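First, the structure itself, so that you have it in front of you.
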C-alpha cells in the first residue's frame, strides 16, 4: 500500500491531532504518501484532500480540536455521495484509509468500504468512551479532567454559600464522564443512564443532610440520565425545598476542547501508529482498541455503541465516600 | 482599637481568602484580636464568631471561595436584626469591622454603622469590577482568566467544526468580564451592557463572513447585555440562518471559583493590610480601592455600582483585530 | 476490628489525601474509629495520633500533599523505636493499619508488623510507578501531566529560539515519568534507566538534524538514567557542538505537588476503600494494587521496587514519531 | 506608509503572538502590506521575510512563543550586517518597522535606524518588566502566574514534609517576578536585587521559626539577587542548620512559555494596535508603553533598563503577612 488517507469525523475530541500526527509520521516512515482529508466524509466528496509531510504535523500533539477539521455529511449517506467520494480517492490514488471518530465514523461507512473494496482502519475518537472493543477512547481522559477542574471551581462557591449545585456533564448514552468526575470531585450524588435514578431517594438524602447541617451538595448528572438533565433535577429539588439555594449548571462544550492529557496523547500516538501497521499488514475493516493496555482489533461490524454495567462494588463505594 | 471583626458578604470571589489572611495577620501583628464572623451579616446576628490566630489563615492564600463563608441576610435589613447583630459585636468587644464584598456589603450596612457608631472599612470583593473608587476588584482578574481558558477550549471545537458559538459570561450590570475575555480570545463579536447591541449588524457580519468562507465565530455576550443573553442571541442567529451550526453556552459559576491569580492575591493582600491600617488610623467608613496602583479611600456613600464608558479607541481596536 | 490507624510515609504524592479520605470514610461507615497518625512512623513513635471524623476529610480530595504529613524515621528502624511505636498503638487501641507510601513504607515495616502481630494493608503512594503488583501508583498520572504541561511551555521557547533543551524529570530507578512525558510532548529523545543510553547516537542524530535544518530538540532524561542527568547530557552536547544553543532544565519538585488528576483521585478512592475492606476481612500484610482495572492484593514480601522492560514496539514507535 | 515589517527579538515572552496579530491586522486594515521578518535582525539580514495576511495570524493569540521566531544577531552589530539588513528592507520596500522585544531590541538598533533613516516603533516584550516608560511588559503577568502555580505545587510538598525550599525565579536585573510571586504564594522570605540581602537575618528567622515549630519555609530568590541564587542560599542554610531538610529548586524556562493570560493578550493587542497607529502618524523612534492604563510613547533613547525602588510600605507588608 503506497497511498493512504486520514480523516476525522463526528464530534471532535482532544487527542485527535496526536493521532493524525502518528498516522502521518508512521506512514511516511514506511515510505507511504499520507493524504489528509479535511472535514471528514464531506471533504472526501468535495476533494478537500492534500498530501501531508512530516512537518505538517509538527507541534500539534498538544493541541485540542483537529487540524483536519470534522463535519457530518448527509451527502455521504447517498449512493451519489459515495460515488463522488470514491472518485476523489481514485483521483489521488488513495488505497487505504484511517478513520478517527465515534462509532458512526466506521459503522456508517461500512457499506461504502464494501461496495468499493476500500481497506480501512478506525480509531475511537470520542470523549464519551461509549464503544465496545476498547477500554479507552481518545479524548475521554482529558474530558473528565476538564470536568473535574470545573467542578472543583464550583465547589469553592458551593462551600462559600452552603449551596446545592446540579452540574450536567456530557454523555448522551453513557455516564462514564459523570461517574468518574463525580467520584473524583466527591460529588454527593451521581446520576447516570446506566443506573435507574430514584429522585425521591435523592430528595430524602438532601432533607436528611439539611437536618444534620450539611448544606453543600454537588449533584453530577449525565445529560442522558433517565430522569433528565440539570434542569429537571433542579426543578424537582426546588419544588420540594423552595427555600434552598439551588443552582443548575450545564458544563457544555468546554469538555470537548483543551490540550490533551498525557494519557490521551500517548493513547492516540499508539493507536495511530497501530492503525498504519494494521493497514500495512492487511488486517483491515477493524477498529483499533486498547484492552488491558494492549492494542486489539475489533471488526467494524462488532463495534457497538454502549456501556458496560457499573459494578455493585463501585456503587457501594460512591455511597460510602460521599457522606 | 483592640478587637476587630472581619466578614465576607455577597457573592464569593477568588482572593477573598487572601484578604482575610492579610486582615488577620496585620491585626495580630499590631496586637489586635481579630474575630472571624462567618456567613456575613447573618452570622453576625447568629453570633457565629470566633477569634482567629495567625495559623488559622496559613495556606489559604491560594484557595478560592471564602473560609468565612458568605450569605445574604434579610434579617439584617430589619431593626431587630441590626440590634441582635450589635449585641453580638458588643458581646465580643468588637470595636471595628473589615467588610469584604460588593457594594451592597458596605452601602447596605451604612445605616447600621451610623446608628451604632461602628467604625468599618470595606474591601471590594466581587468578580464584576463594577464599583467606582477602584480600578480593580478582588476576583476580577481570576474570573477573566477562567473565562479565557474556557473560551480557548471552545474555540478548539469551533475551529474543528466551523461553528458559531455564543458564549454568555457573568456580568449583570457590567461588561468588563465579557469585554476583556472577548478581546483576549479574539472573539468575533462582544456584546456588553455598556454599548447598544445592534443585532442586525451582527447578523449582517455573519452573513458577510459566511460568503467569504470564514465560518468560525465566537460571540461573547455579557449576561446583562441590553439585547439579551446567549439564548436570545442564539435564537436570532438560527432564525436568520437556519442551516448554520450555532451553539449557545452559558459559562456560569466556574467563573467565581478557582485558585486566584497572582494579581488577585497581591491585590487582596495589599487591600487587607491597608484596611487594618485605616481602622487603626481612624480613617473609616471608606472602601479601600486601588487607583493607578496606589491605595485610595472612598467614603461608603460615594461608592457607586456602575461602569465607565468604553473608549472609542478600544471599540475601534476590537473591530479591527477581530476580522 | 474496631480501631484502625492510617498514615502516609516517604515522599508525598498527589492523591494521598483522596486515599486518606476513603480510608476514614469507609472505616467510619463500618463503625470503626479511624486514627490519623501524623508524620508517618515518626509520628507513631511520638504519639502524634488523633481520631478522625468524616468531616475532617471533607474537601481534601482535590488537594495535593498529605494532611497527615509524612516523614522518614531512623528511630523506627531501631528496636527501641519500634517498641515506642507499638506502645502508642496500644495506648490508642489501634488494631490495624493502613499505610500509604512507597515500597519502603511497607517492606521497611514488615519486621515491626511481625514482631508485634499488627495487621496492616499498604497502598502504593508514589509518583514513580516503580512497584510490582500494580499497574498504577497514586500520584503517577498527576506527575506525568505536570511534567507534560511544563515541557509544553518549554517547547514554546525552544521553537521560538531553535534551541536544544535537555529536561530532567524525576525517576531515580524508573523511567516511566520520562518515558510517558517524552512521548506525550513529542520529545526528540528520551533517556531512561530501562534502556542503555548511547550518547553518540544522540549526538549523531542532533548533527543530522542540524544538517536538515531541524534545530529544535527536546531531550527528556530521567534523573536515574545510566548516562547521567541533564547536566551530563548538556555537557556532552555542548562539547561536541560548541556553537549550538543548548539549555538544561531540572524540573524538580513541582512534579510531586498539585491537585491530583481524576485518575489519581479515583484510584486513591478505590484503593483506600479496598484497604479497609481488606483489614475487615483479615486479608492483611498485603499491598493493594490495580491490575487491568481490578483490585489485587500482593503480599508485602512480594512487592518489589523495579521496572518492567519497555516493549520493542513502543521504542520503535518513539523513534518513528519523533522525526 | 505602505509597507511595514514586524519582528520579535531577544528572549521570547508570552503575548508576542498577540502583538504580532495586532500589528498585522491593524496594518492590513489600513491598507498596508505587513511583512513578517523571522528570527529578528538576523532574519532581516538573511532576507527571511514574507508578506503576512490576516489569516496568517488567526488562532495564535493564545499561543506562547513567537511564530516569527527570535534570535540574537552579532552580525547585525557590524556595519556590513546593517548594510545587508537595509538592502533586504529596500528589496521588499519596507518603510517602517515594529520591533517586539527587550531594551536591546530598540536601543541596540538605534544607530541602524538613524543611519538608514528607518521609522521604527518598539513594543516591550519581556517577562522581566525591567524597562522604564511602561508599567507592564508583554509576558510579565503570565510569567508571574506560571511561577505562582509552580510554587503552589512545591508548597504541597513543603507542607507535607515540613521542609525549607529555596526557589529561584528569573530576573537577572529585576526582582519583580520574585517579588510578586513571593507575595502571592505567601513566601516566608523574598530575596531580590532591589534590596540588600542580609543572609544572617534570614538564618536567624529560620532559627526562631524552628524554635516555635514552624518548619515550612518557602524562600523565593531572584536569579540576580545580590547574595546569589538558590544554590548559594541553600548552601548558607545547610551550613548553619545541617540537620534541616532544605531543597533548592531553579524554576527555569517554564516561566517564559505557556498560553498568555488575559492581561498579556489584551496588553499586547493594545500595544500592537498602537504601534501601527504611531507609525502611521509619524510618531516614531519610540517605545509604546502603558502607564496608568493609558498608552504612552517613550523615545528609544530614554528607555532605560532598570527597576524602581520597592516602597517601604510594601516591604513592611511582606514582613507582616509572612509570619
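To keep things simple, chains are lettered A, B, C and D as they appear, and every chain counts its residues starting from 1.
Please note the rule applied: a contact is a pair of C-beta atoms (placed from the backbone, for glycine too) under 8 Å apart; a residue touches a chain by one contact, two chains touch by 3 or more.
This one's a predicted model, so the numbers in the text were calculated from it and none came from an experiment.
Student: Chains shared as neighbours by subunit C and subunit D?
Tutor: none
Student: For the identical-sequence pair subunit A and subunit D, what's the CA-based rotation angle in degrees, nearest 5?
Tutor: 180
Student: Hey, which chain ends up farthest from subunit D, C-alpha centres compared?
Tutor: A
Student: Between subunit A and subunit D, what distance separates the C-alpha centroids? Give it in angstrom.
Tutor: 39
Student: Centroid of subunit A to centroid of subunit B, CA atoms only: how many Å?
Tutor: 35
Student: Report, in whole Å, the distance between the mean C-alpha point of subunit A and the mean C-alpha point of subunit C.
Tutor: Centre-to-centre distance between subunit A and subunit C: 29 Å.
Student: Show the residues in subunit B shared as contacts by 2 or more other chains, in ascending order.
Tutor: Those would be 152, 155, 159.
Student: Testing understanding: with touching defined as stated, what is the shape of the graph linking the protein chains, line, ring, star, complete or other?
Tutor: Basically the chains close up into a ring.
Student: Throw together a list of every chain pair that touches.
Tutor: Chains touch in the following pairs: A-B, A-C, B-D, C-D.
Student: Inside the complex, what are the residues of subunit B that reach subunit D?
Tutor: On the subunit B side, the touching residues are 21-22, 25-26, 28-29, 54, 59, 61-62, 135, 141, 144-145, 148-149, 152, 155, 159, 180-181, 183-186, 259, 261-263, 265-266, 269-270, 273, 292-293, 314, 317, 320-321, 323.
Student: Please name which positions on subunit A make contact with subunit B in the complex.
Tutor: 8, 11-12, 14, 16, 39, 63-66, 69-71, 146, 150, 152-157, 159-162, 165, 247, 249-254, 256-258
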